[in-house]
């Protein structure tokens, strides 16, 4: 059965891997131009083995992660695969011998502590928790690890206390029976190896000493002191009465398959769960940044495999420059860890609601390209490359950035929706409200100085429509929405020359900026409306 | 812009020497009544010439609130007129919707207004069948936040605002497109009367100085305040009384609805929104002659002091201009001119021994169509034409050249595509060169001569805050560029135009308006030295 | 809590229009530590022509050939007019100072002549003025028979050569016109940007080619005043060399490029002279503590307390904000000085815009003593070291008299000199 | 002197040398810089929401306030935005309350006391040109240079109070003491085009080009900005296609002044101009 399970899981895992590779290739061909892989191996190696990027990002998180990583690596290579590794290295190898017994426990302990650390962080980290959907992502993998480790410890514990196992061993490796002092050995093992016997045994110094001698003769070659299995031993010591019960039902026999089945499950899940990051991060951190070549070739995404390397750790969001934007708009798609999740959805499942897409466009628009997230990403994903390419993708999907949207929109269409918008705007929005108050622009004396000093008017040519003064006049004529839809409002450099030169001291630039806010809001609404229209038609 | 919508081009009247132009009906006076009659008669199949001594809406038609009464204002003083207003309102809403903004109206009483008028008001409305609805003052202040906090009673009625310029332009455009003829700047010199009938009218083109005759079967005198002097030419005496009403235009629209004071109609108690501005009025001052009228400082201050009781903001807001109109009243009685008669006077001069001469005067903007209908009825009777009036049913078409008289009109698309090729000549009201060109063509089609004043009449040019300071010279340049003006007339035209604008500003120049006008004087007197020319 | 700064200085000039600039120029030239507040954009409205006295008496409606004759009569008839307080010599001196000051910034003016100069304007009319930029000066060569080419530019609104030619035809029959399609530019041309194009040789060359067909037909060429911003004379001379014509600029409506040149010149030179300029700052609650003025110059984000021994009030009239008209009366906005004004609003304006005597409101303003210190209703000086200069002064309808720059310059010059003399004596 | 260093979003990854040389310069002048976890200044959000942009700035102020430090930034855009936000915060009570609430959520507060200084105004006003001149021990060669003031520091003057917005001079003064000679040009106070680079690249480059043209016509060898954004515009874009013909090299002000103050080459960043090796002592 072990063999069947092993091979099945190996086959499944390989199949999964192949599938993923195929998927990346297929999706990749949709989104990414054919570029050489162009790998840079040194940092990748470094990052893979020592998680150097994570170390740079956060020492504590690195410490916790490294607990799991190192423990896990040990367990995989020196426990699960012991037949391939330690057996060949050490002739005398026995899993119950020190240092192996101790190291196994220690490694398991490390993983256990690390995993608890993971869970702990998930409950207390502030920024990542802003997105509940992501908060619990990957928790399956953590729990699976926990289960494997716990089942391992439980198995060991049970084996320690198990009378039947003890008796089997005695039978296999000695010729002892009741007469030849089996009881003495039992007594010794009860005291020093925590075996739980049904029968009460009389413990005296004498019997214990005899048991010790028997132990030296028969057992010591293969069994180090049980104290070194400090986790399982501790469990065993505190197990108490249920031990007999477990012994009776041969818990060791059925815990063993549980343990390896869980382990195999992990293997199967490797390509489909968070475990996959173990393979993807090396790949991601080996890849070069998005270069201009991508843009020239009109590529719209970074490589899907790189994208999949994200572990939702949320460190990127902790350094995000525009976090305050999120605090006000509560648009999760501002935070990089949410954005990348959405990007993954777009590329792999393509199921995003219009509002979500719009939010993503808006959130991504807020990005200042400060590169903080990319710089810190422990997985080495070129996040900024993604943020740069994302607008093109979204535009193709019908969610252009607001500038393009407004530019392509006829002013007429803009004006037609004016009335309905009038109700929606201005509600509870904290602004200077310059555009809403006549006195902020009515003092215009039509001298056209603002227009004359404006670099956009001077160099804009066909790119521009209105002049700053005409914007003021549109406002006076009650055409706020039309004014908001003009290109001038979007082309404005906010250089404040107009405002500085206005003889009537009208806050021309501030008004134009406020109009751009209005225009942005209007564009958002229109885009959602358009999307809804489209959906309705379909 | 749809370029193919120009009015049908008329064969230009080339009248020289003793040439006689013949027609069925000669209408004198290009106000709303005159243009209304022209359209009415044309629709009934008559051939019409309309002459106007200056240009459209030069008299009271251009000097009023632009208010379409629901009738509520007259329920106490003149219930008959009230009913007329109510019926006409419905017809106009249906047929000339593009000239009308259905704002709705509020009648508002503030502390200190007479109690019994307030309490009687709803009953009187009911009697005349005019819908009105009582509104809680608090709620009213939510609807119109600028209302005084001393508001004590509010009634909602169906008042609406109308653009009288657009109305006249559309009426005459429709008449012309159906084959009638409009001659602006054409003045009656004399009537030739023989056998108790007018044989022909000698007219003079005010611009070219040409004199010629127009021979018609019937002559309609629709000259409003000048009805008396025209009638006198035919030897008929009409006793006219002139009452000047002044109005103020604010720089922004203060209320959404028409606001009237809930009291016996007097001065400064109506505020009518018109596009992006509000118009506050009026006064009632007896004057001797309807010529050369303008609002005085005293009137302006009085109107504001009355208006601010209703809407306190009127005290501090910026005013763009003031203008005045003359109510022509055929009066016999005494007292306030408002009491005399707001109903119209239709005189068939058959009784005065001139058979083919009709005078229509008085009345109000709200009932212009009815006045035109009644007048046309008489004309038709004289012509033995038995076609029913059709202005009740046939909607007034909307033409392109009428569009630009609308405040705040934006033909949106050109901005995106043609902004570069189509500069704004008037920046305040955003009138592009293409619009000016359309209007120039339309004026020329009607046989007129495009100049600053006639363009300003048909567009928003000069009506914004700068009051012609910047746009005048730009448009003058444009006219020269197009070759519409040749020779010296340009400067005189400019001076005349600026002076006309000035009449409307000089009484309310303080604060920012004074700043603007100082700038205007700096440009036109300081730099160009126009006062020396 | 706004940022607060403290400055101590000799003299504060409130206002950055023409008069304020001259005052600051004079004060800094005399070595006074000067602070200036205001909005210099008012200079965009300046024609760049310095008038002395263009018309007097007003009802004559004839431009004065020689301003001195008008001045004599004016001094006799209008003893309250600012000119009556200074005399011819001070006026000429102030013009001279101004010319030298501007020369030092690279802006050349033609010094005053005994006769007024007639400058052709964009409306086709002539404006009598005294001192003019060199770029405009050749327009005064215009004689009846000089063949003249008037050039306008498509897209430059409010300037039409054809219209000017039409107006001028009566007195000057020999005019050709040309409307230039500006290469590389479409649609509206905004003067300030357009003017910078003239500083580019390749643009001038293209322009010269367009003019070339007219070269043998005319001797003189007039064009709108947009020939370069900072190096206007240089640009004009280059164009003259390319075409071989005498060229002059024609002032047009605001924003005026000659005004912009003045603005740039003043701003640059005054900054070099260490005049501390607080732009758009408003003076709030000025106080005098017996020895110096304490002025709070308030910005949106900053408050500057200025301590200054002297103050020059050059806030201008209504457009500059020095005077403010309520519905019933006129106020001075900074010190709330008494304002000479018509009794009631109905007297402010005449019903005829072009009324030959001018509008009465234009004579309103601050009355001063002979060195331009404001006086109260009893004729007593309000503050020892407070001066009012420029268009804010009463009894000077500068628009109609064509005396704006002259009064501004002479009042600025006289008042700063007076303050300097006093403080020199005091030290 | 101790100041909180506000680097702004772009400097770290797009103009690292500016960062390096700025830090060295401050060290040389005896200024301790403290790095705080600042967020974006809020300028980019001006386009979308007034509230966000002000909050971003105020949050930075609050962070600095926590350590009782004033802020210094080498970026004019950040400087202008922080000034603007502090002005709005002082003016608008409703806004103030909202900001207080938002800050309280993160256990922060701001009382309006933190000041924001730009590199140039700090050098000019707080240290003094004479003081710096005294420390200069390496005269640089007389290269001609034009300065670009940067819109957001200069305007609106009534909010930033940086320098005379029409005829500014502090930058020139600070450069002329190094041995470089500033040249007058017509466009020193105009925009470089960077703010709309992402949305309207065409126009942005047109404006940049016009500036480069004016700069080269003035006969300058170099252009210098003392603003991260403007500098990026010149550094990254002025060598692109159409801009190449103007022979103007952008230089960093901090490198010039640093070199003049005798700061070691290595401490001024990686990308240095060869002129630094040609010091005239």
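Which chain is which? They are A, B, C and D, in the order written, and residues in each are numbered from 1.
Going forward, contacts are C-beta pairs under 8 Å (C-beta built on N, C-alpha and C of every residue); 3 or more make two chains touch, one makes a residue touch a chain.
What you see is a predicted model; the values in this text were computed from it and never measured.
Engineer: Using the touch rule from the top, work out which pair, A-C or A-B, shares more C-beta pairs.
Structural biologist: A-B
Engineer: What chain sits nearest the middle when you go by CA atom centres?
Structural biologist: Centre-most chain by C-alpha means: D.
Engineer: Need the CA-centroid distance for the pair chain A / chain C, whole Å please.
Structural biologist: So the centre of chain A lies 68 Å away from the centre of chain C.
Engineer: So, what's the distance in Å between the C-alpha centres of chain B and chain A?
Structural biologist: Their C-alpha centroids are separated by 72 Å.
Engineer: Rounded to a whole Å, what is the gap between the Cα centroids of chain C and chain D?
Structural biologist: 37
Engineer: Taking the mean of the CA coordinates per chain, how far is chain B from chain D in Å?
Structural biologist: 60
Engineer: Indicate the residues of chain B shared as contacts by at least two other chains.
Structural biologist: 419-420, 470, 515, 519
Engineer: Would you please write down the residue numbers of chain D that are in contact with two or more other chains?
Structural biologist: Expected reply: 156-157, 165-166.
Engineer: Can you tell me which residues of chain C touch two or more of the remaining chains?
Structural biologist: Within chain C, residues 45, 186, 188, 254, 279-280, 319 contact more than one other chain.
Engineer: On the basis of the stated criterion, which chains touch which? Give every pair.
Structural biologist: Result of the pairwise touch check is A-B, A-C, A-D, B-C, C-D.
Engineer: Inside the complex, what are the residues of chain D that reach chain A?
Structural biologist: 9-10, 12-14, 37, 39-40, 42, 44-52, 55-56, 59, 88, 92, 94-95, 98, 102, 105-106, 151-152, 154-157, 165-166, 189-191, 193, 195-196, 199-200, 202-203, 206-207, 210
Engineer: Considering only the defined contacts, which chain A positions touch chain C in the complex?
Structural biologist: Per the stated touch rule, the residues are 445, 447-449, 451-453, 457-458, 461-462, 467, 500-503, 505.
Engineer: Where on chain B does chain C make contact in their complex?
Structural biologist: 294, 296-298, 301, 304, 419-421, 423, 425, 470, 473-474, 476-478, 480-481, 483, 485-488, 490-491, 494-495, 498-499, 501-503, 506-507, 509-511, 514-515, 518-519, 521-533
Engineer: Residues of chain C touching chain D in their complex?
Structural biologist: 1-3, 5, 40, 196, 199, 229-230, 263, 267-268, 270-272, 277-281, 299-302
Engineer: Quick check: in the complex, which residue numbers of chain D touch chain C?
Structural biologist: Against chain C, chain D makes touches at 83, 86-87, 90-91, 112-113, 115, 156-161, 164-169, 186.
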